[in-house]
Structures are given as structure tokens and as C-alpha cells.
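Input: structures, listed below.
Look at the two complexes coming up: chain A is in both, with chain B in one and chain C in the other.
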Partner chain A sequence: MRRAIIGIILLLALSLLTFVLFFSSGVDVTRFACGKNCTPEKRATTEKALGYDKPTVVQWTDFLQGVVVGRDYPDDPELQRESPEIVTHCPAPCFGFSQVNAKTVNSLIAEAAPVSISLAMVAVFLWVLFGVLFGLIAAVRKGTWIDRGIVGATLVVYAFPTFFIGIFLLKYVAIKWQLLPFPQYVTIADGGVGEWFVNLLLPATTLALFYLAGYVRITRAFVLESLSEDYIRTATAKGLAPRKVLFKHALRAALTPLVTMIGLDLASLLGGAIITETVFSYHGLGALALRANVSYDLPVLIGLLLLAGAFVILANIVVDVLYAYIDPRVRLD
Partner chain B sequence: MTTPFLSVRDLKVHFPTPDGIVKATDGLSFTLEKGKTIGIVGESGSGKSVSSSAILGLHRHTNAIVSGEILLDGVDLLKISDEDMRRKRGADVAMIFQDPLSAMHPYYTVGSQIAEAYRVHHDVSRKKAKARAVEMLDRVGIPQPDHRVDDYPHQFSGGMRQRAMIAMALINNPSLLIADEPTTALDVTVQAQILDLLQDLQRDFDAAVIMITHDLGVIAEMADDVLVMYAGRAVEYGAGKEILTHPEMPYTWGLLSSVPDVAGDTSAKLIPIPGNPPSLLTPPPGCAFNPRCTHKDKVPGDLCTTVLPDLVPGVRSETHLKRCHLANPDAIYEQEILPEILPELVEER
Partner chain C sequence: MAKMRKRMVALSAVAAMTAAVLAACGGGSDNPPSGGSTGDGEASAKGGTLQYLQHFPFESTDPQRIYYGVELANFRRTLYRSLVAFPFDNDPDVANTPVPDLATDTGTSTEGGKVWSFTLKDGIKWEDGSDITCEDFKYGASRAFADDVLTGGAGFYIKGYLDIPADPKGGSMYKGPYRGDGQELFDKAVTCDGKTITYNFNKPWPDFPLSVASLMATDPYKESIDKGDRSKWVVMSNGPYKVDGGTWDVNKGATFVRNENYDPATDSPDLLRQANPDQINYELYTAPEPILDRLVADAGDDKNAVTAARIPPAYFSQIEGPVADRTATVESPYTNYLVPNQKTLTDPKVRQALAIATNVDGYIKAEGGEKAGVPAESIINPGLPGYTEQEMFSGSNEGDPDAAKALLEEAGVDLPYPIKYTYGQSETQDKTAAILKEGWEKAGFQVTLDPLADTYYDVINQPDKDSDVVWAGWGADWPSAMTVLPPLFDSRQNFATDANGNVTNLGQDYGYYQSDEFESLVDQAATAPDIDTQNDLLTQADTVLANDVAYIPLDTSTFYWLYGSGITNFMTDAASSSYPDLGPIGVTQ
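For the complex of A and B:
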């Protein structure tokens, strides 16, 4: 409960900071929203419609009000009377209205989120599975060429930029060798789980390869550390088979750091994998954020930042709760 | 003469390192009968734990070279397959470790860890194994065992943890129990309880016990035979009482002199052994103890620094073996050592 309150305060601060930073950037943001053929009159209307004429703090409180009770766009009563046909109602929790896209931020995020969530899920699945597997193998074969090969190869892959790996996979695996279909996002409802998964495989692999090295190393390090613990010797002395000692006793101790890393990486990933989504032209949250950035689309930026922030805070809470399940010493009794 | 229950012959455990071979155990031999206890004494790094780990087959082939012969009930443990050795671990040979907190997995309940030891060697249900764990916890004197079985190691006190470790080790009725400094990490008051418990259980289970310790008090209480180790070798070996009352090796004298005598005369001096244990990588030539030995001037010539003495019967009996060049150790002990560590005893005489 205390953590939830702290989380909300953090989100409030995050949103205020975004407003302040946005307006202190020195860029004429109204000019961007106004469009190419901007007359002084049109500009004034746009400024009023977006509320950019009000002080930053007022805009922020208006935004908060929208989140709590909903809001109409444009919310200037004069403009609403002049042209009632353009008025859009945005029900609570309203995260704003994007002039650039002529849609509410909620609907933009609702469109993009499934893509990013799918991508993140498949990517996490891939990197955790292979990261832990390779990490275990490297730990068991410590000091051999297998160990060095695994650690070295994952580091090399890590060193390559994401767009390089993405384009490489796209060009060779999908186009030249045609091992996988050219990836385009298919919802589970449209194509079933198989189709959905196959199409996500390349972008998810691109993402996963970046994270893989970290998981290999952390698994290797923690499994090695726990293998040298006294309780591993006890387990062996009981007559347990080596495999059981490794999986039941050694890997168990490496679970805490792994869960921490997965939680935090997953949270940051849900904010959008900008480069990967761009390379594969997936219209996820990352691509949305990139477009919003380029067009100075404040409402979308705020919405995405709050979403990403909320994910990080939530992930931290979930990880903390999971600790208690993993480590009995953390349990309060 | 019948073959002994456990017979270790010329056991060597060598660790190859980039700097050379570390001879942690270098030619250790001893025998042990069922229901008897042998105490292995020595400083840290003298090869006590390494030797006993070898009996349990805990050394990895990749980093240790184990040679010699370990005959347990006629079977050479160094010749059987890894899988056969695994089957013996925990079932025929069990071990109790020094620090029960780190020797137990922090994430599993005490009961599940004890039950696990049972299930490895018995094809029974979880429930049955747990019932057996409760039974063993009761046996080692844990109050309310049916409740405590679900506790985690950190919820146990130090003494209770060691009791639980003993329960874990004895759950399969092993015929050989290795106790590696089982009381070192415990409070003095708890130490005595644990030793009593071990003795009781040993009687009931008729197990052979290898008691590894650096505490001569433990040896005096528990051991039938004593083997004193120094730098990977036995330096004195014989019946417990004999070794403790008539030691013939200066290193054993040193160990005895460094034991505080609480009940006795406070004027008795505590005499630490000077210097440090030798490097096992490049042990000193001759007798490994010679750089720290204060009696080597009583040996003619430079025998101590050039020739490694054999482990041979001493002056008192055929079964009391010692590795020392001194010709009359018994006399030196009576005249020089005893008056310093037990002055009142000498006065009585």
C-alpha cells in the first residue's frame, strides 16, 4: 500500500516534469501543431485549442483533471461554441488528445500496445530461456572453450547495434534465405498463436539478442557462486545426482537476481522498443513515441511517459512481492 | 586378523595448479572398526577435511587427483563408478559439516532437506519421507518436530541446525559417519550437547565415526583412536588415551600446550606453536615440521632438515606410531613439556 502511494506520487512528479521540460525546450510547439500554411489567426486558434496559451502548471492540472474525470477537446468553451462538430469527448481516465493524429491518446496507445506487449513477451521468453540455458552451460563448463565461446559470442552479439542485427535478420533470414515469412504483425485473433508467434520471431530475436549477454553472464556468475556454497556440498553429500544438484539447488539461488533483472528489463521494454519497431515497421509504442517526438506531440509523449513510468514502478512492486516468495528469509512473519 | 571395516591406505589427494602440485593429503593410512571413533586432529590446512572429502568422493576429477585405496566393507571407493559412489553417498557414508547455517540451503525448509536425503535412497512418497524426517528430528532432540519440520534454516538456532544436520546425515542409517568439525561453529554449552548426542546415536546406529577437529577436548571425549595430521601426512597415530598422555611428536606436544586448562592451575602457561603451517606447494625438505620444531637440536646432524622420518612405532608400543627423528621423545615430554603444561600433575608425583 505504501509503495502504491509512493508510485502515484512518482507518476505525478514525472508528468509535471514532462510538462515543464516540454515547454522549456525553446521550440515553438504551436508552430508544429499548426501545420504548413499557418496564418497568425490560425495559429492563435490552434494555441487556444491545445491550451498552449495557458501557464504550464494550469495545463498540467487540466491534464490531471482529465485523467480523473475526463475532458472534452478542445476544452475552450468559445471554440466549442464556434465549431461543435469537432468537439471530441475523452472519458476518464483521459490522457489527452493528439492534434497531430486527431485521436485521443488512449486510443493511440490501445492500438499500439498489443504490438509492443506481444513483442516484449516473445522477446523475454527467448532471452530468458536461452540466457539461462547458456549461462548454466557456461557455468558447468567453466574455463573450457565452451564457456569462453558462449560468453564471447553473446558479448559480440551484444556489441552490434540493434538496427544492424534487425536489418541483418530481415535481409538474410526473411528475404534472402526465406527461412521465415517477412514479419508483419498479426493479432492472435486474426492468425492464431502460431502465426502470431512466427511473425514476431525476427523482431523478438533482434531484441532478445541485445539482452542475452547480460542474462548469460548473470546466470553464469550466480550459478558459479552458489555452486561453491557449502549447501551444494551438502546436497552432493546426500547422494543427489549432479543434475538435480544443479537445477534444484544451484539454480534456485540464482533465481533472485534473475527475477529482478527480468522485471526491470520487461518494464523498460514495454515503454517501447523504438529501434526494433522502426526497423521492422511494427506500429508499437516505440514507433508511436518516435513519431510523437518528431512532431512535438505533447499529449502522446505524456501518455507514453506515464505508461512507461507506471510499468517500471509496477515492475518494482511485483519484483519486491516475488522476493518474498523466492526467499523465505525476506518473508515477514 | 579380520579385515577392518574401513581401511584407508596411502591416500593421496593432489591438486594440480599452475604453480605446481598442491599435496593436500600425501600418503595417509588408517583403519576404523564399526562402532569406533577415530579423531583426526591438526591445524587448518593440514589436510583433514580434504582427506575426509575424498572418502565421500566429493573431489572433482577435473581438479583433484585422488589415489591410494579406501576400502569400505571390502569395496574400494576409489575404484567404483561415479554412479555407484553417488549411491553410497548419504546412504552408507554420510557427513556432518562445520557450519550448519551455510551447509543448509536457505530457500528450502529444514524438513524438505532432510526428507530429500531420505528420498534419494528410498523410493517413498513425499509424505512418508516427511514423516521420517519428523521422526529423525524428534530423535535428535528437536522440540515439537512436527511443527519445526516446516521451518527454514534461518528460523533455527545454531545448535538446532546442527541437530538437524545430524538428523539429515543419519536418516539413512549410514555405517560410516564423517563429522567435519561439528562443534566448531557452536557455543560451548551447545558443543557438549551435540557431542553427547553424537555419542548416543553412534551407540544406537553402531556407526563408525571419523571425527575431524582441532579441539583436543573433543578428541579426549569422543575418540578411540587419534591421528594427528601435519602438512598432509600423519605425524602420530595410535590409541586416543595413549596419544593424549604420552605423545611422542613435538607437533602433538605443541597442540597439547596450546589447550587452555580451565579447571587447572592458572599459572600453567599457554604455549602457542611458533610460525605458520607450511606451504603444501613447496613443503620444507626433511620433516615438514622442522622449521617450527623447538627440539630439532636434540637430533644429531641435520637429519630433521634433510630426511623425512617414517611413520614408525615409537618407544612405548607397536601400535603407537610417530613420524619423528627424536630418539627419546617420552623422556623429553616427561621432563620438559609436562611440567610446563600441567605443573600440578608433576608435583603430585
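For the complex of A and C:
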């Protein structure tokens, strides 16, 4: 409960900070919606339409009110009375209305989240599977060319920026060699699990390759440390099969740091993988954030920041709970 | 400015108005034989699916909120018809002359261009099968006044011209259809008599049909589907296609399918819309690279693809052999220019020296060469009526440092003369700035480069900025220099002032330019009885600007296109703002 309250306070501070930074950037944020031939009169009308004519604190409290009780857009009682057909009701918790997209932020997040979640899940699956596997192999084959090859190769891949790997996979694997279809997000409902997965393979691999090296090294290091422990020697001396020693005892020691990493990495990915989504034209939360940033779409920026912040706070709580399950010595307060 | 690609057509003649005929030529005139068109507008085979690959999102699909040139051009051919439209044709004289579309003719003007009337054709329908009525046109125009709900678009033109009194508190006395205040004033300004709609303006608007064909502010809109901002992505078509599902996805695009309620007998298919593909798949990407990679590979469905993404210099090396056969190079309607700050460079000789020392050839080379731009001799695009090669800028495009230095010495200023050049930062702009700096410094200037990112336009429109010269770009909204010179150099429509009359913002008049002579010519042009007179006055106004070195022209941007091998009748013309024209295009099946 204490953590939840702290989390809410953090999110409130985050939202206020975003409002303040947004309007103190030196950029005339109204200009983007006003467009070309932005006369002083047109600019003033546009500013009012966007609600940017109000003091920052008033805008922030209006936002908070929307989160608690919901809001109606346009936020003009006279317009709401004269033309109810143009009013969009945004029920609580309302994160705002994007004039750029002409949709509530809630609906934009609802549309983009499945893309980012799918991408994150497949990427996590790939990097955990291969990261742990290669880490184990490297640990077991310590000092051999296999160990050095795995660690070296993953580090080389890690050294490449994500956009390079993404563009390479897209340009060669999908377009030039046509080994996989040009990736376009397909929902499971539309294309089934197979098509959904195949279309996610290249962007997820791009992300997985970036994260892989860390997991290989963590797994390798903790398994090696465990293998030199007395209890492992005891288990081996008792005649336990080497595979059982490795998976049941040695690997378990690496689980705690791995779960911590997975939790935090997954949380940051759920907030959107901006570069990967941009390279592959996947319209997830990352691409939404980028567009909001370019078009100075404050409501979307606020909504996404709060969502990303909430993911990180939630992930920390979940990781703590999992600790207790993985390691009985750990208990929650 | 580059993001705000505006509709601009090179020149035009409006046959029905005041017997005035525009006579200039347009952007597509310099197309190489293999470039502008793979045919000559002849009909392609019907059927198949066209892939349209795009690398940026549109601003809206509500006709009254559209302002991007490529969107105006594409949707005019597919979804939204209007009273008049520009035909597709390689001849810019033809492509810039409106022809009747939903109206029976190109309009009738009276009272010296202050009143315009159009009569609607019979049998014209919306995609839901209902008739397009005069009231739909009237309602569409009324939405321009609801700019407190419908942001963006180009409705400010019709809003400024319609004969409706100004509100002393600001804006118009008519507050748009959602509030209803002043509705009776609008009903007097725009009237319907059966199928005839009449627009009453507060001043002559001789080129009104050009604006109708170019923009969509006066397009019809069906009141019963209007939900204000909620209709931003709704499409109610009256063209040969409709959007499958009725709503455009801002991130993904849409699928255009045949509109069964479109009757080609009410249209001019051979002039405006051959509508050859059975389907158009509009796909949106977040960057141009994957699109160009696919077009270079030319595999599968991509053989029937066109794009709004121009070939960037990084891809030039891949454009060879059979790939080069699928390209087109065409002059665009967009002009890049420099703006000297009149408040800091007060001596005309110093501004002249700056102009003479400007290395335009080097600038273009740094941009990517002839596939990126060609030298400009005026702020008015060569395709516009009123264009003339200004003597001030007709010298060597490489710059003449010696002549410039002589002018600086003649001005009696201390050398090196310090100046600050402000520009919007990008990889290309950094290169062009370095070239400009080199040329200017040879002439005796000492240049400080001032690259700015997001704050660029917020800085250069400040009256107290310390920049001596800034970069800008522009394209006309319709084939008239009235949409170029006043928006960029008329201080009265650009400057914002505080209660004490102090200028607080320069608008788009970045150089703080104010000239009574120029503004007098603009006033005369605005009320000119015919287009020929208007264009003559605008040419004179441009000469005043040139002599004052209110601007220094750099180049006319070049568009370099790549398309799939299955595309037939690929054409870029003045009517499409030099983007691929969807009017005649077809695909192989």
C-alpha cells in the first residue's frame, strides 16, 4: 500500500513536470497546429481551441480533474450546449484529448498498446530463451572457443545500434532476400498466432539482439559462481545427474538477477520501443510517443509518460513479489 | 516550412472570368523526356491495385482541414470533387486551367470579381447515394468560420473574403455553424438558389476559381455527418473511390475501393479522373527508407507502387540501369530563399553585396545537385504568372566575391563585416550553410553560423533577433503570386503588435521588411479588376522587393521520383504540385 501511494505521488509529480517543461521549452507549441499562414488572429484562435491559452497550473488541474471524474471535449460549455453532436465524452480516468488525432488519449493508447505489448513479449521470449541458453553453454564450456565465441559474438551484436540492426534486417532479410514477409503488425484475431508471430519476428529479433548480450553475461557469471559453491559440489558428489545439477541448482542462483533485469527491461519496452517501431513502421506506443513529440501533442505525451512511469513502478512491485517466490529467504515487509 | 508542403500550381487561366488569361508556364515544363510521364495522359487499362506508399501522416481527411499539397492533389483525384478542378496534362498551360467538375462551368463573376456564381450539375451524389446540393457547398464554406473547433486547413482565405462584418472583439461576426452566432450574416454572403450557389465577397477575388480548384475550403460538406473535430478522419466521398470503412487511419492509411454511387457521366474522366485501378492501398510508414528499398527491389505488389517520398541523395547510387528507367525528375512549385534582416543590415549596399556573393550553385550541389534543385531568380516560382527573372539576382550563380567586396568597400563599412546566418539544422542544411559561409567570407563578410532545431521558426519571427540573414522556403497556395508576396512581405498582415503598437512578432515577414511602395502595389493588385492587371502589379511589387534585397532566391526544389515497373501513365504535372498524379495512373495486372 505504501508503495502504491508513493507511486501515485511520483506519477503526479511526473505529470506536473511534463506540463511545466512542455510550456517552457521555448517552442511556440501552438504553431504546429496553426500551420502555414499563421496570422496573429489565427494563432490566437488555435491557441484557444487547444486550451493552451489557460495558465499551466489550470491546465494541469483540469487534466487531474479529467483523470478523476472524466471530461468533455471541446472544453467549452457554450459549444457543448449549442452543438452536442460534436462533443466527445472521455470517461474517468481520462488522460486527455489529442487534437492531432481527434481521439481521446485513452483510445490512442488502447490502439497502440497491443502492438508494443506483442513486440515486447516476443522480444523478451527470444532474448531470455537464447540469452539463458547461450549463457549456460558458455558457463559449462568456460574457457573454450565456444565460450569465447558466444560472449564475443553477443558483444559485437550489442555494439551495433538498434537502428542499424533493424534497417539491416529489414533491407536484406525482408526486402532483398525476401526470407520473411515485409513486417506489418497483424493481430492474432486477424491472422492467427502464426502470422502474428512471423510478422513480429524481425522487429522482435532487433530488440532481442540488443538485450541478448547482457543476459548471456549475467547467466554465465552467476552460473559459474554457483558451480564453484559447496552445495553444488555436494550435489555432484551425491551422484546427481550433471544436467539436474546445472538446471535445478546452478541456474536457480541466476534467476534472481535475471528476473530483476527482465522486469525492468520489459517495463521500459512496454512504454514503447521508439527506434524499433519507427524502423519497422509499427504503430505502437513508441511510434505514438515520437509522433506526439514531433507534433507537440501535449495530451498524448502526458498520457504516455504516465503509462511508462506506471509500468516501471508496477514492474518493481512485481519483481519484488517474484523474489519471494524464487528465493524463500526473501519475504515482503 | 518544408513540413507544410502547400498546394501550388504553376499558372493558370480562368476562362470564365473577366476574359483574363494567365500566361506562364509551370513546374513540369522542364521534365526530361523520360521523366514527367510514361504516357501522355492516354487511358491505362482498368483494374488492378495501386499501392501508394507514404512516409508521413496527413493532418486530417476532413476537406476543410486539408492543407498539404500532396493530399489536396491526391484526394481531388480520388475522393473529393469540387466546383472546378485542374486537369492532368504535361502541358502546364492546360494543367493550370480549371475545368468544370461538379459545376456546369468554371463560374461567372460580376461586380468586378466581387460576386461569383456556380451552377451544380445534375446527378452528382455522395457515396451514400444522396444528392450533392447547393446547401452542402454552403455548409462546407461555413465551416471555415469554426476555426475554434476545426484547426488547420486553408479556410482563412474564404473567411477573409466573404462579405461578413468583422467582430470588434476579434474575428468575424459569424462564429461558424457550431455556435450559430451571426448565421444570418453568412446566409447573406453565401446564397443558394436551386442549384446555383453565389458567393458575395467584400473585395474583388479575380482568381477565386483557382483557389477553389487548389484548396478544399469551399468543398461541399454534408451537415448530417458533421461531428466537428470528431469528423477529422471521416471520409464521405463524392469521387470515383471511397474509403473502405469510411474512416482514415492516421497511422496506417486506408484502402480505397470503387464508389458505386459515382457516375463518370457527371465527370470528365479523360481530363480529371480516369480512375483506372480498382483499388488503391494507401500505406503509411514512419520513414522513407523502407519505401525506397521496396521500390528499388521492385518485387511482388511493389511493382504497382508509387510514393510521395522523394529519392534522397543517399539513394542516388542505387538508381542505375533498369531502376533509373523508373524515375522522373521534375521541378517543384517550392522555392528556397534567404531573408536579410532589414533592421540589422540597414545599408542596401551591404544586402546587395550579400546577394551577389551568394554561391547558389554550391548551395545546390551541397543539397544533392540537379536532382535536388535548380537556381531560382525570383521568390516567385517560374511556373507562376507574374514571374520575371529579377535583374538583381540574374548574375553568376556561383557568386561574385570581388564584385561583392567592391560593394562593401563602396558602402564604407569595416571589413570583415560580421553577419550571423540562422537556419534550421539538418545534415543537408549544415552542408549548404558551410558553402554559403565560404562564399560570403571570400567577399569580406565574417560569418557566424547559427543552426537551430525545433525553435527555428520561433526565433526567426522575433523582431529583436540578432540574426542578419535567415533561411526560408515557400510554395504558393494556388497559381497566383498573391499567395506568395503578401504572405511573406506585407507587414500589415504579418506583424503582431501590443497595446502600444510595438511589433511583437514578425509572422512570416522574417526580415522585418516594410515598404509603403510594395504595400501600395499589393493593395492595387488585390483590388485589380482582372488577373492580367493583378499579375503586372505583382511583378512590379516583386521588383521592389528585389531592389530592396528583401530576399535572396536560392533554388527551386526538384522532385526525384521512383515508381514500380508495373505502373502505367506515371505523370507529374502542375495540377498535382509535381507529385505523382493519380488522375491518369494505372497498373499492370
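Operating definition for what follows: the second predicted complex is superposed on the first by the 321 of 333 C-alpha atoms of A that agree within 3 Å, B and C clash if a C-alpha of one lies under 4 Å from a C-alpha of the other, contacts with A are read in each partner's own complex, and residues count from 1 in each chain.
In this text, a contact is a pair of C-beta atoms (placed from the backbone, for glycine too) under 8 Å apart; a residue touches a chain by one contact, two chains touch by 3 or more.
On a predicted model such as this, the values are computed, not experimentally measured, just so you know.
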Legend entry - Partner chain in contact with A:Ile9 - chain B first, chain C second, else both or neither: neither
Inset, instruction - State whether A:Ala110 touches chain B only (first), chain C only (second), both chains, or neither. - result: neither
Inset, instruction - May I ask you to decide whether A:Ala92 touches chain B, chain C, both, or neither, giving the answer as first, second, both or neither? - result: neither
Legend entry - Contacts of A:Pro328 with chain B and chain C, given as first, second, both or neither: first
Legend entry - Greater residue coverage of chain A in the superposed arrangement, chain B or chain C: C
Inset, instruction - Would you check which partner chain A:Val68 touches, where first means chain B only, second means chain C only, and both and neither mean what they say? - result: neither
Inset, instruction - Would you check which partner chain A:Glu82 touches, where first means chain B only, second means chain C only, and both and neither mean what they say? - result: second
Inset, instruction - Could you tell me if A:Leu17 is touching chain B, chain C, both of them or neither one (first, second, both, neither)? - result: neither
Inset, instruction - Give one of first, second, both or neither to describe whether A:Ser25 is in contact with chain B, with chain C, with both, or with none. - result: second
Inset, instruction - Please give the residue numbers of chain C that touch chain A in the complex, ascending. - result: 1, 4, 6, 57, 59-60, 67, 147-149, 151-154, 156, 170-171, 177-180, 226-233, 250-252, 284-287, 289-290, 293-294, 297, 299, 454-455, 457-458, 477, 487, 493-494, 496, 505, 507-508
Legend entry - Residue ranges of chain A touching chain C (in the complex, touch as defined): 25-28, 31, 33-42, 44-46, 48-50, 73-74, 76, 78-79, 82-83, 85-86, 88, 99-102, 167, 170-171, 175-176, 178, 182, 277-281, 283, 287, 290-291
Legend entry - Partner chain B, residues of chain A touching it in the complex: 229-231, 233-241, 249, 252-253, 326-329
Legend entry - For the chain B and chain A complex, residues of the former touching the latter: 56, 58, 86-91, 94-95, 97, 99, 102-109, 113, 116-117, 120-121, 152, 154, 165, 168
